[in-house]
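Each of the next two complexes has chain A plus one more chain, namely chain B in the first and chain C in the second.
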Partner chain A sequence: MTIDKSDRSEKLERTRRRVENRRRDAIAKRVAEDEDLEIPSASLEWMKRTLQWGVKADVTESGLKLDALNIGIYGEIPDKWEDQSRMPRGAYPMPGVPPIGYGIREKRDLWADNAADLYEEAIQRRWAPATDIQWDSIEPLNDDVEASVCQLCTMLCQHANTEIETLGSWLHQMSYGYHEVKLFLASEMYDAARHYEVFRKRALSNGGGLGIELRGDVKRMILESRGGWSETALLLYILRGIFTLTIYRYGEMFAHNTAERTIFAGAIQDKARHLSYGFEHLRYAVVHQEDKALVFKNLLGIGERIFLREISQPVVLEPLAVIFGGGVEGAPEGMKTVHEMMRKFVQHYLSALSWIGIDRSDSLASGLSAYISEK
Partner chain B sequence: MTLTDKELDLAPAVRDFGEENDLDLSWLETRGEWGVKAEPEKGGLKLSDIQLGTYGEPGDHSDNMTGRPRGSLARPDAYRIGGYQVRTKSDIWLTNASMLYEEALQRQWSSATDIPWDTIKPLPDDIERAQCQLATFLTEVEFVAAEVPGRWLASTTPDYFEPRMFLVSQVMDESRHLDVFRKRAFANGGGLMQRPNVTTSGTVGSIDLSADFTEMSSRLHISGEGAVLTIFRMGEMMAYNEAEKRIYRLAAQDESRHVAFGVMHMRYLSETEPERKEEIHSYLDEGEVALVAGNQNPASRDTAQSEALAILLGGGEKNFDEGYRKLMAIRKRQAREYIQRVKSAGFGERFLNGRANTELLKYAS
Partner chain C sequence: MKLTVPLFPSTEWFEAVMDVFNSDELKTTAGGGTCDAVVGIISGESLFQLKFEDIECVSVDVLENEDQLGMTDFYIELHPDDWKDMLENIKENGAATLEYTLNTVDLETPEGIARSWVEDQYRQDLFFRYNQTFQYFFDASSKVMTSFTEE
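Moving on to the complex of A and B:
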């Protein structure tokens, strides 16, 4: 017997109404019992306390979006957020609230104009690894290929973990006045948790298992970056982020089944959103601070060397070569595809930097420039 | 498992092939447990389905300082960059974190499109101001429950990734709560109003400054979110349209998950480390004072938000007294639900031995 969906929701609605009526009755009973309650006179001073009244945000076809709330004074996003507490932007301030101590208080240190839209997009495009991946489409693979897929998944779990830990350690330092960015980064953390979950699930779903951990060169560089959120963002989004996105794209191209294809497609969509915030913020930082481009350029000089040290470990690129080549025997041929992938990575890296306002074409680490000069 | 524990056993032919082709390939034989095949069940492939063999439940203590995924092979030259403060299982564990996380994923909602905003019609000025005052308060306090867990994520070993994943889902839920209450304030010709004139954190004994995860969780999940949950559950009584009803209903659904996390974690701790119970009682002592005084409790007395609630519950300023009576009835319910949660978490003795806050007990009686 099949249960009609509308029947079920009607039943649920009836149950909900019953529970609510019961709650209402219980409160009414308590009210009746407490006849002697002393009722203080209301001060109602708060009723006049607003910095701007009469605001009505537009609801469009795509709903009521965060960006639509930036009306009147509520849309004024100051260059410096002086308040050190959790006061919402535009709320009526009250004196004497002790500070919490937010370290990031300047717009140039975290802002991106697209943060609000990206946050809404993240919510609309959510997916669940448990139910949105066709796990039963995964068929046994040869051991060498399965081991390579599992090693790749182990690495991608670590990429996601780095993202979670990095965002977790910065989010609480960002001032409330820039809530759009805080909300977007919360959604990014949530995406990263999903990536951690989905790659672990893939590694443990086809007769394989996790591989060996990375040494952690790039993770160390990102987590130990203390200069500011912008500097951390540079390493997280530009060096690591573009690399991860490039791997996702090739992962989708060389997927062995629908499940893998869906996993990588979802991850690409998420990662592209993360990079979109990162690029926009870094450009904002460069435009609003005189020497930021030079600082970033210098940091990348070091960052590229560390990145090269990480990818020179066989465990990073060789599993991809086996996957692209269809097995160990095809790995030498697969390595050509790896080089092509790395060429695309470097091209994306340089074009993103150029868009942000950083030119590294003449100072790119030789290990990276080799990928684009190769025929 | 460490690299040195495992003999490299690459087939000679593969090794020769690798050497000839400038490939190392040793990673093919250096890995965690092999031969694991999780099967999706009803409800898809869940986190609980992949808890197999060495990938299953973690040990009572974690020496993972590099951030490796649980069950992967450790390498001796990896950097100890984790700096994880939480590496003892009982400090953060609970038996059903995976289930709560999966539920969170399935029950995500969008404040932009899942709330019928068009059902909000102009309201009398006093009601609109009261809604906006309450929304201002909730916009401020709800994100406390995102920022603080976020910080703990970075300081918890990934060996205990299930509770960590749940906390990430909580960060997402609370972001949505910040955003939906801000949206409500601007949806009907109102605006933001007075922010709470007491601090939402930053003082000793607060959620922010807790140095221990369970200390933080007892304040955040049991006291703070528990108090807000009771209010959300009463949303029908203070909602004036379908949009507001839906907001409270969905927010209550999220909040009950967060409270369940706190209760289950405290229960795990009380069962596995009963010697810590007295310490936890001390946190509950402080939490109960806050619950009664009301830093983060919208139903506490004589605050802007409690007056706003009384107006909403009564149906307008003119019915303030009636609304106030309802508010006090809700406050009683809050106290009772709190007591029930603490009992369920394994700390019910405080209500029998005279330790519990007397004012709180008076509310519940």
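Moving on to the complex of A and C:
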């Protein structure tokens, strides 16, 4: 049988028209029956409400970057952001919007010039633990080593969840005049979630399990810091962040398989990016506030003592010694590597503080200075 | 792609590695991506500067003297024998094994191999921030034939 295609197509079109007419009739009937329904005429008044029109941001070879949007009035970043609503910077303000109550509205309290670039970097350099880690490269380890790896992962999960909670408790207080910082910190929360995820996955992927909970003196100090975001940032990035980065670096060096190596390599880059914001903001805070360096110095005096109390718990450094030593038997030798790790940490810590504008070389807690004075 | 590059360190060698690196999509996969940094390289008396922009290494230049290292974000300094060991390891394995990654070699060197000429910790930390990109760069040398100078 031969099918006449043109005939069939014509029939199909007639059917479509019939269905469409029925649909329109049904809508018209429903509108006619509903006496309360009013269809206003379009005022389009909103269309003229803009502070600057005709903006065309530059697109570079690497795409349209956040920083490239800072042109004309959209690039005016005031020292104080008066608006108390969620109005995006540069939008036309709507009178009568109830205030949200943002606590951080001064540039000096959160700003970092690198925030927009760091945000782009975080998006570009992201990785996914589920698929980017070669989980099948993990093979059984001796029980003592596996237990130490799991304990380390447990601690690193706590480092990550402290970061998530800390950022979450400050982010909503930061006003939208400084969206670059808000966006970057949102990406940092996501990074921290990734770290929590990946270390939990490692702990539960090789016949082990999570270890003992870290008491968390430093965690509480960071989370309960309420003096200001800058003060919290000092503890989060400089005292805790550099320590975490140092552990990640040794974690990569002593990785037992490709999976661990990839995990730590990715985490190193993420953490270094977080520190870049921290360094830049803290230096900005010191430059723009007369006594900030002194405030930071005093705060670190307290922070270092709490940090030393935390690392004196066997659960912090002993697992690292076992990993570095290749087992419990080699732990004494591994402890020498732990000391070397701590020496590198203290050097990085002092150097970062110096870059920010804080000199603690003469007032460093003795427990920390011991690491750099030891031969 | 050049198949033979006679000498490390030389402009020709770095350019050959740069070609391989720029054409390899691995550098933009998980954990890779945008990298903006100027990196100095020291091997014995030889000084070079590598410039990374966006997702590529865009230039290799010879530096005339050490003061020019001030223009770099950080520099990597290794004894020529240590460069040789690292590059031979990369050649043999296709990528650095754990003992020869930039991170490991930096940690095992008391003062580190990545340093800032002007003691700028922020810029020096780019070594960590883009560590995998730099590792991919040197791993790309596995696809380049290399000879070494006798020091």
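We adopt the following convention: the second predicted complex is superposed on the first by the 336 of 375 C-alpha atoms of A that agree within 3 Å, B and C clash if a C-alpha of one lies under 4 Å from a C-alpha of the other, contacts with A are read in each partner's own complex, and residues count from 1 in each chain.
Please note the rule applied: a residue touches a chain if its C-beta (ideal position, glycine included) is under 8 Å from a C-beta of that chain, and two chains touch if they have at least 3 such contacts.
Just so we're clear, the structure is a prediction, and the values are computed from it rather than from any experiment.
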(message) So in the superposed three-chain picture, is A:W229 touching just chain B, just chain C, both, or none of them (first/second/both/neither)?
(response) neither
(request) Considering only touches as defined above, state whether A:W135 meets chain B (first), chain C (second), both or neither. (result) first
(request) For A:Y371, decide between first (touching chain B), second (touching chain C), both and neither. (result) neither
(request) Figure out whether A:S62 sits in contact with chain B (first) or chain C (second), or with both, or with neither. (result) both
(request) Return first, second, both or neither, reflecting whether A:A255 touches chain B, chain C, both chains, or no partner chain. (result) second
(request) Decide which partner touches more residues of chain A, taking chain B and chain C as the two options. (result) B
(request) Scan A:Q124 for contacts with chain B and chain C and give back first, second, both or neither. (result) both
(request) Classify the contacts of A:W81 with the two partner chains as first (chain B alone), second (chain C alone), both, or neither. (result) neither
(message) Applying the document's definition of touch, where does A:F324 land relative to chain B and chain C: first, second, both, or neither?
(response) neither
(request) Could you tell me if A:L44 is touching chain B, chain C, both of them or neither one (first, second, both, neither)? (result) first
(request) Jot down the residues of chain A that show up as touching in both complexes, chain B in one and chain C in the other. (result) 62, 120, 124, 126, 128
(request) Write out the stretch or stretches of chain A touching chain B in their complex. (result) 16, 20, 23-24, 26-27, 30-31, 34, 37, 39-40, 42-47, 49-57, 59, 62-66, 69, 71, 74, 85-88, 90-94, 96-101, 119-120, 123-124, 126, 128-131, 133, 135-136, 144, 147-148, 150-151, 154, 157-158, 161-162, 164-169, 171-172, 176, 179, 182-183, 186-187, 189-190, 192-194, 196-197, 200-201, 204-217, 219-220, 223-224, 314-315, 318-319, 321, 328-329, 331-332, 335
(message) Considering only the defined contacts, which chain A positions touch chain C in the complex?
(response) 61-62, 117, 120-121, 124-128, 132, 245, 249-250, 252-253, 255, 261-262, 265-266, 268-269, 271-273, 275-276, 279-280, 344, 348, 351-352, 354-355
(request) Report the residues of chain C in contact with chain A in the complex, numbered from low to high. (result) 29-34, 36, 54-55, 98, 101, 103-104, 107-108, 112, 119-122, 125-126, 128-132, 135
(request) Mind listing the chain B positions that touch chain A in their complex? (result) 3, 14, 17-18, 21, 23-28, 30-38, 40, 43-47, 50, 52, 55, 66-69, 71-75, 77-79, 81-82, 102, 105-106, 108, 110-113, 115, 117-118, 126, 129, 132-133, 136, 139-141, 143-144, 146-148, 150-154, 158, 161, 164-165, 168-169, 171-172, 174-176, 178-179, 182-183, 185-203, 208, 233-234, 236-237, 249, 301-302, 304, 307-308, 310, 317, 320-322, 324-326, 328-330, 332-333
